[in-house]
Amino acid sequence: MAAKTVLTGTHFMNGDYACCEGAIAAGCRFFGGYPITPATEVAERMSSRLPDIGGIYIQMEDELASMAAVLGASWGGMKAMTSTSGPGFSLMMENIGLGICTETPCVVCNVQRAGPSTGLPTLVGQGDMMQARWGSHGHYEIIAVAPSSPQEMFDFTIRAFNLSEQYRLPVMIMADEVVGHMTEKVVIPPEDSIELVPRRRPAVPPEKFRPFKPDPDGVAPMASFGDGYRVHITGLTHDQRGYPVMDAIAQEDMVNRIVGKIRNNLDDIIRYETADMDDAEIAVVAYGIAARSARRAVREAREKGLRAGLLKLNTVWPFPEKLIRELAGNVHAMIMPEINYGQMVLELERCAAGRCTVRLVPHAGGSIHSPKTVLNAIETALKEA
Amino acid sequence: MGAKRGRKPALRHPQDDLLRTDRIPHIWCSGCGIGTVFSCVLSAIKKSGHPLDDVAMVSGIGCTGRMAGYVKLDSYHTTHGRAIPFATGLRLARPQGKILVCSGDGDLLAIGGNHFIHAARRNIDITVVCVNNFNYGMTGGQLAPSTPFNARTTTSPIGCPEEPFNFCHMAAASGAVYVARWTALHIRRLTDSISEALQKRGFSFVEVLSPCPTSFGRRNKMGKGLDIVKYYHDKSVIRNNIDPKEATLDFSTNLVVGKFVDIERPTFLDNYQLINKRELPAWPASTDKGAGKKAAGLV
Amino acid sequence: MAPQHEKEILITGFGGQGIVLAGNILGKAAAIHDGKHATLTQSYGPEARGGSCSAQVMISDEEILFPYVEQPQVLVCMSQESYTKNIGLLGPGGLLIWDTDLVQTGEHDPNWVTYSIPATRFAEELGSEMMANIVMLGFLSAVSDLVSVEALRQAVLSSVPPQTKDKNAKAFERGREYGEAILKSVAMQDESRNRDDKT
Amino acid sequence: MKYWRTPLDLHTIQVSKGKVVIIEERCKGCQLCIQYCPRDVLEMSKAFNPKGYHYPEVVNESQCVNCHFCEVLCPDFAIFSVEATEKQ
Amino acid sequence: MGAKRGRKPALRHPQDDLLRTDRIPHIWCSGCGIGTVFSCVLSAIKKSGHPLDDVAMVSGIGCTGRMAGYVKLDSYHTTHGRAIPFATGLRLARPQGKILVCSGDGDLLAIGGNHFIHAARRNIDITVVCVNNFNYGMTGGQLAPSTPFNARTTTSPIGCPEEPFNFCHMAAASGAVYVARWTALHIRRLTDSISEALQKRGFSFVEVLSPCPTSFGRRNKMGKGLDIVKYYHDKSVIRNNIDPKEATLDFSTNLVVGKFVDIERPTFLDNYQLINKRELPAWPASTDKGAGKKAAGLV
Amino acid sequence: MAAKTVLTGTHFMNGDYACCEGAIAAGCRFFGGYPITPATEVAERMSSRLPDIGGIYIQMEDELASMAAVLGASWGGMKAMTSTSGPGFSLMMENIGLGICTETPCVVCNVQRAGPSTGLPTLVGQGDMMQARWGSHGHYEIIAVAPSSPQEMFDFTIRAFNLSEQYRLPVMIMADEVVGHMTEKVVIPPEDSIELVPRRRPAVPPEKFRPFKPDPDGVAPMASFGDGYRVHITGLTHDQRGYPVMDAIAQEDMVNRIVGKIRNNLDDIIRYETADMDDAEIAVVAYGIAARSARRAVREAREKGLRAGLLKLNTVWPFPEKLIRELAGNVHAMIMPEINYGQMVLELERCAAGRCTVRLVPHAGGSIHSPKTVLNAIETALKEA
Amino acid sequence: MKYWRTPLDLHTIQVSKGKVVIIEERCKGCQLCIQYCPRDVLEMSKAFNPKGYHYPEVVNESQCVNCHFCEVLCPDFAIFSVEATEKQ
Amino acid sequence: MAPQHEKEILITGFGGQGIVLAGNILGKAAAIHDGKHATLTQSYGPEARGGSCSAQVMISDEEILFPYVEQPQVLVCMSQESYTKNIGLLGPGGLLIWDTDLVQTGEHDPNWVTYSIPATRFAEELGSEMMANIVMLGFLSAVSDLVSVEALRQAVLSSVPPQTKDKNAKAFERGREYGEAILKSVAMQDESRNRDDKT
């Protein structure tokens, strides 16, 4: 069928749809999911887009199955993703762990709503940020991006796929209900201007191939089902051959690899933007939809002559520790509006290490920070300084 | 009579090409039936004639689930219960070749029960081999959805208060196109069944009654693996083509084995392609909608 | 309060009236056809139908940072509940529009510009109450200058299912004509623009 | 002969002669091969292998009909049969 | 013809004592069948005669799942798919009284499918009422394991490529002691069935074919709720006591309704108590273990 | 039947069994679980103990069902628990969230093994510490205890039940494979010397009862199925009546309640022990099995004349922020041996706020820290000081 | 009379007279009551209720046989029937 | 290295031999019957049977902080693999015991005290190889003074299934007698205690 893959042009499109278009532009051809507000639109659009471009949409029986199917599809050679929201994200955690442990590239989009539990299904939250980092058992590292507009849903989804291929792990898109449901201008560039990271294939013949022997950057090439490499993968602790080895040494090797490939490539992974930071006394550090309230608050602060600036985290995990450590020495205070009762701010506080004041602007969810609340926090912080 | 080094014979075992020999010996206990079933699986794969690079095995967690670690194929040892959805993704992303899911009764029908019935319903093109040893072997022998009523396990020390599933009936009720059951001693029939299942397009299911001497056998004083598998085999009666509902496992009478289902039905992918050609008329054929007020008997 | 350059529009009603689609079309007209910036956010309850529902549209020549309507300059009410709930938000000098049959209004700030239109009734007359939202957009195109008429018309046509284009075009024009007629009558009366005599 | 049922092909094909090979260190002593060898070719050793198991020993090599039964049945890939060649 | 304030009649609705009237109106759409089923459930509860303080309702998530929020009983609105295991815990901790699980087709048989079959297998003493509206109403109408082949939903915009389950067959195959199906227009039979189910000890299941005009109906151009429920009812044929396997939902011919299963079987708790009395003989009756070498036909 | 509930006396008992005896002594009469190494022995012993003392053991089809059944049983009026390890813990997260949101008392015992994914099923890890805190979606607070011996398995399980009744939430026992499997002396006191917190029942008649209207300490009384209160509970955001309310105000109220009842009662909840801390320059902060390596390292350090001390966290969540803030001012360094690559140490570092050095002694799992490793870390820290 | 099937009890019991009560503001205008009232007691109003729905109005009160059909069928608990007392 | 007062015992073999039970009985004897402190930890692989397996017992008069054996003073080997794997751990002056039929030893530190016993063979003779562990404990009770004999005997009896008590008591005494006989013969030889002539 003659359906287009990359919808080059300017669209008035919601974030969930933009995520789909980003995924498709990034080469995603498999979607296994289960509907849940406010991520359902991702599944819905995928179900209408994929069949016509040679892709597979399957609605699985639940999120456990969705995540497992996505991993299977990735080993089957397709770029694959799923989307969900809090309750489904919780259910995916075990198999996200399998993806981490078997170093399976794929993308999980969490369009966050307010929790805990069923919470406010149709309303915004940012309560799953720590869950993204810590939600599966055992120790590992992850990569997560946090879009704050439909355009970023498009752009960051492509980046999520690229990072997932580059570092071979499930990469998370930590969106939220507002970003997912809001409609805004989305510019989709020409196909040939979109840079993609192709899957790294084995460069040696099957006899010589060790599926978990990393290249110098810490990441191993990957052979799909049918490539003739007869690969074995397991969620058990395994050696470079992929074989289970049940001891502390193999464990250390493996954990070093899956943790190290992230920790040793922080500069390549971490992305952020700043606004008005040059002479800022107060840094508002924010991500996702909260960064938009923050940005307006900062602008209003500047209009009032207050020296506030914005640090917007485009990747939220790994946390930009070095950046924050430096920044903490240059400002009076960092304030973080989050739609939760303190998650990323814990990392902010840790990295600030007492060198500046760190304040959370909490929000339980259901709506977003009014810029005024953030502005007030800036003013209070300035007074305290 | 001291311990002695084994001599390596010059000839190689005929299945060594399908084995990750560097991982042998496997972990299965002496007398466990899983090894025999595994051996039959390997024979069946060869017998089916599919190019080996095009055959994959997916397992969940459990003693049986370890099969994926010993077979020299693309092999995926996943999480407990999720072999089937993993295999679903693998299958849909790569429609060529054959995919076997080999796992235990607990893996497939306790924690994995939902995926089992849904994959059968969708008719995902995979072959599922279930080693039913009537308990959770790997974790030391707890009750499973296969444990016979009143049998002892480590979590039913007096006796199991639950009635087990009839797996074959569940598979058939859910939509499997091929359903068979054998014991681990029916090695030829079992091998034939698995290779037949591999020829099918769609969800095929082969259950194997298999001894777990270490856990289930010991708790129920059934003797060694040898004794148990013989007991199962002796109690078995072959009833091909009967309604799988009637294919009961009644230890006081007999254990029904045989091939129960062998039908054709479009696979998920068949239907996916068919539908997306946009050639089918809209569903439903007619709805009579808004056809004026007509009284109906609301009784 | 939103920056000066931002126009805030709040369209409200209940689920099933096409409130969000109306907002979408308006935003699209601005963002795609008029080349401005626009955002649409929505809020709705757990009900698939019948619950209160609103579409918040921001239109601006510059990038829009905060996408929520804080003090609408334009408020459209298509249900009693949404009127009651939102009327307090309308800013000074605001434009208020409601569906004549679905909303019973109270006292209004004399500063406001107010209109009503029996959009649902018109839509029913045109064959489907589902098009009340499009009637309302046509009306809006007449009584406001949020977006260009042509942009809005195009946005309507590119947003509705192909087989319903004609009907929706009619609905749009019905609303627009009604709006123009009112404007004319208001202009003729030259006074007392604060009460729509049809209410 | 002690087939419980007469194999279908027994009268049509020639019974071949086999040689059975035992990979002792793989064996876990389950005795399946011994029990189900239709020709009583095997018996349990007195010795232990390095894993501490008794393993089968060939006691009636000449009787082996190369039926591969032991081979498929063995859970440990520790035994197999091959066509007996002239030399052996 | 402007909007007008409703007048409150002096009399109260006869179900108001079972309703959390401060939460009415409920969220269900105009024309949705759930409200009617809910009404029948309330009638059945009263009809069954159980003291109301001793009746609980458990729901999962979905439009149907909201029932628990409107009924003035101990009522538990749990997570998506987990109503049955929650009810299992509730039931076992408090064996008295009656527990109804009311939820949607997706909740009970998509994400909740495993719990459904296992609770039926164990014969947990609960009554499950499933409002089958052939899709996920709450999330806007995606395909469900009940969606007819080729029907349109928001995630099968051209047509659904999957065959649905026959829920009644699944319930029966899993071990339910009571299985019935009606449409939301069979209000008397439905009420009777639910109250009959409430009288049973064990896992009873009542499926109700119900219109979702907003999502499923709209996508498939089936008209208003009124039209759809009438269509289901018109297409229905009553076939009591047939094998639930034959109780098919074939929109091109007819929709089989009726009471399909009504049997007796000890509940989980019955067996739990029986076993723990330690009076049963050990399982299995005999194993013939180690009974010397006896050749068996391994064919 | 004449089976004993409380097995008063001295036993040589493993930690998993001791956990069961603690639970039974605390009044637990419902266990819904699913076997998993190394927590299986908890299920096994419960299956043999409960039937004879009027309790219910049910093995559910998976951990999702187990957790849901435990919540149901709690509302049915029984004290209820489950046990699991990493993979199962991941699967329980969604319904733990329901337990948090519906304020359901119950106990979840996680006998940790090394992860991620299937990892090392039979070997030790402490990789689920952050998951315990953050593993379910949305924002909430939890309580978790960390036993380091079979005796503590007994004692802390009783405390876990008491805390769960006191604060109405699922309380976690964060044990590990070594503690679960090791056998040691366990002294079970006489039944009447064990203090139990009874379930708080409504004090008003049904018409007046609001199921989520808190008593002054922030916790509401609870009415079980059949008590005649006709309670409605939901995982949706709800008001004090338990009715769903879908807005940011209700959300804030609810989250304030479930977060506040923990944050406002920290002193009552938090427990720790110290050894050799009076004049310590180096504080080894540890929990669970790692605290035993730490304790010996500290003793050896003292034998060498080094001023090291031990702070052993008996409750790990909520984190003892105040205590650490104070401590950070009094020592040169805090070092934390954890069988993970840095989890609780992040909190330690955050609370230290730069006032002292904070060092992780990492361990990937599969075995425990040798005391020597910890001693080395003490010596290094002293040198750096 | 237009029963599709004759109700079993139709000839054996006396047809009672009913009074139907409509709770207008609960109604969502689905028309089930109107459609399935066996006695055509009801008709749709032209007016909207506060939620914006048309609701049923009694047009043939005397015909009501208090069969409770509308009552059980109504998804919104917006209509019910009671025994018509002498006074009414 | 563990504190002076701690005795470290490592019992090794493969799964199915009752290694952990042996350790448990030893620990119980010390902790319950002798009133000391004891810990038992175990390590085993994924195999239910046949994998290598060890029980680590610590016995002390004081509280035991670190429950793992670092340098055993007593090492019992009931399989070849476990011997090979663990022999390097045995401390100076350590006590080494192995099953005569299952282990082929190499060169030994002359400092060690070494014995072997055909525990499995004895157990088979007594009716079940499953009792080799109890034979071994009996032997240990003779050749070491880790716990009192009576404590160990009691611990055996309170740890095995009631219906097997007699058999196990016999197995224990069989091992103990064998141990005493060896001690006697060694004492008689008065020299060269480092080689067990039965090996």
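Letters are used for the chains, namely A, B, C, D, E, F, G and H, taken in the order the chains are written, and counting of residues starts over at 1 for each.
The rule is short, and it goes like this: a contact is a pair of C-beta atoms (placed from the backbone, for glycine too) under 8 Å apart; a residue touches a chain by one contact, two chains touch by 3 or more.
Everything numeric in this text was worked out from a predicted model, so none of it was measured.
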Contact distance in steps, from chain A to chain C: 1
Chain whose mean Cα position lies farthest from chain G: H
CA centroid of chain A to CA centroid of chain B, Å: 37
Inter-chain centre distance, chain A versus chain D - centres from mean C-alpha coordinates, in Å: 58
Where chain C and chain D are represented by their mean Cα positions, the distance between them in whole Å: 87
Chain F: positions in contact with at least two other chains: 51, 61-62, 64, 87, 94, 97-98, 117-118, 121-123, 234-236, 244, 246, 367
Shared interface positions of chain G, touching two or more other chains: 28, 35-36, 48, 50-52, 69, 73
Chain B: positions in contact with at least two other chains: 1-3, 25, 28-30, 61, 77, 79, 81, 110-111, 113-114, 118, 138, 140, 145, 156, 158, 185, 187-188, 224, 230, 268, 272, 275-276, 296, 298-299
Residue numbers on chain H that touch chain F, as the complex places them: 3, 24, 27-28, 31-32, 37-46, 64-68, 70
Touching residues on chain F, where the partner in the complex is chain C: 244, 246
Of chain A, residues touching chain F in the complex: 64, 85-87, 89-91, 93-94, 97-98, 100-102, 112, 114-123, 125, 127-128, 130-131, 133-140, 234-237, 246-252, 254-256, 258-259, 340-343, 346-347, 349-350, 352-355, 364-367
Contact footprint of chain B on chain D as seen in their complex: 21-26, 28-32, 35-36, 46-53, 55, 69, 71-78, 80, 82
For the chain H and chain B complex, residues of the former touching the latter: 16, 45-51, 80, 100-104
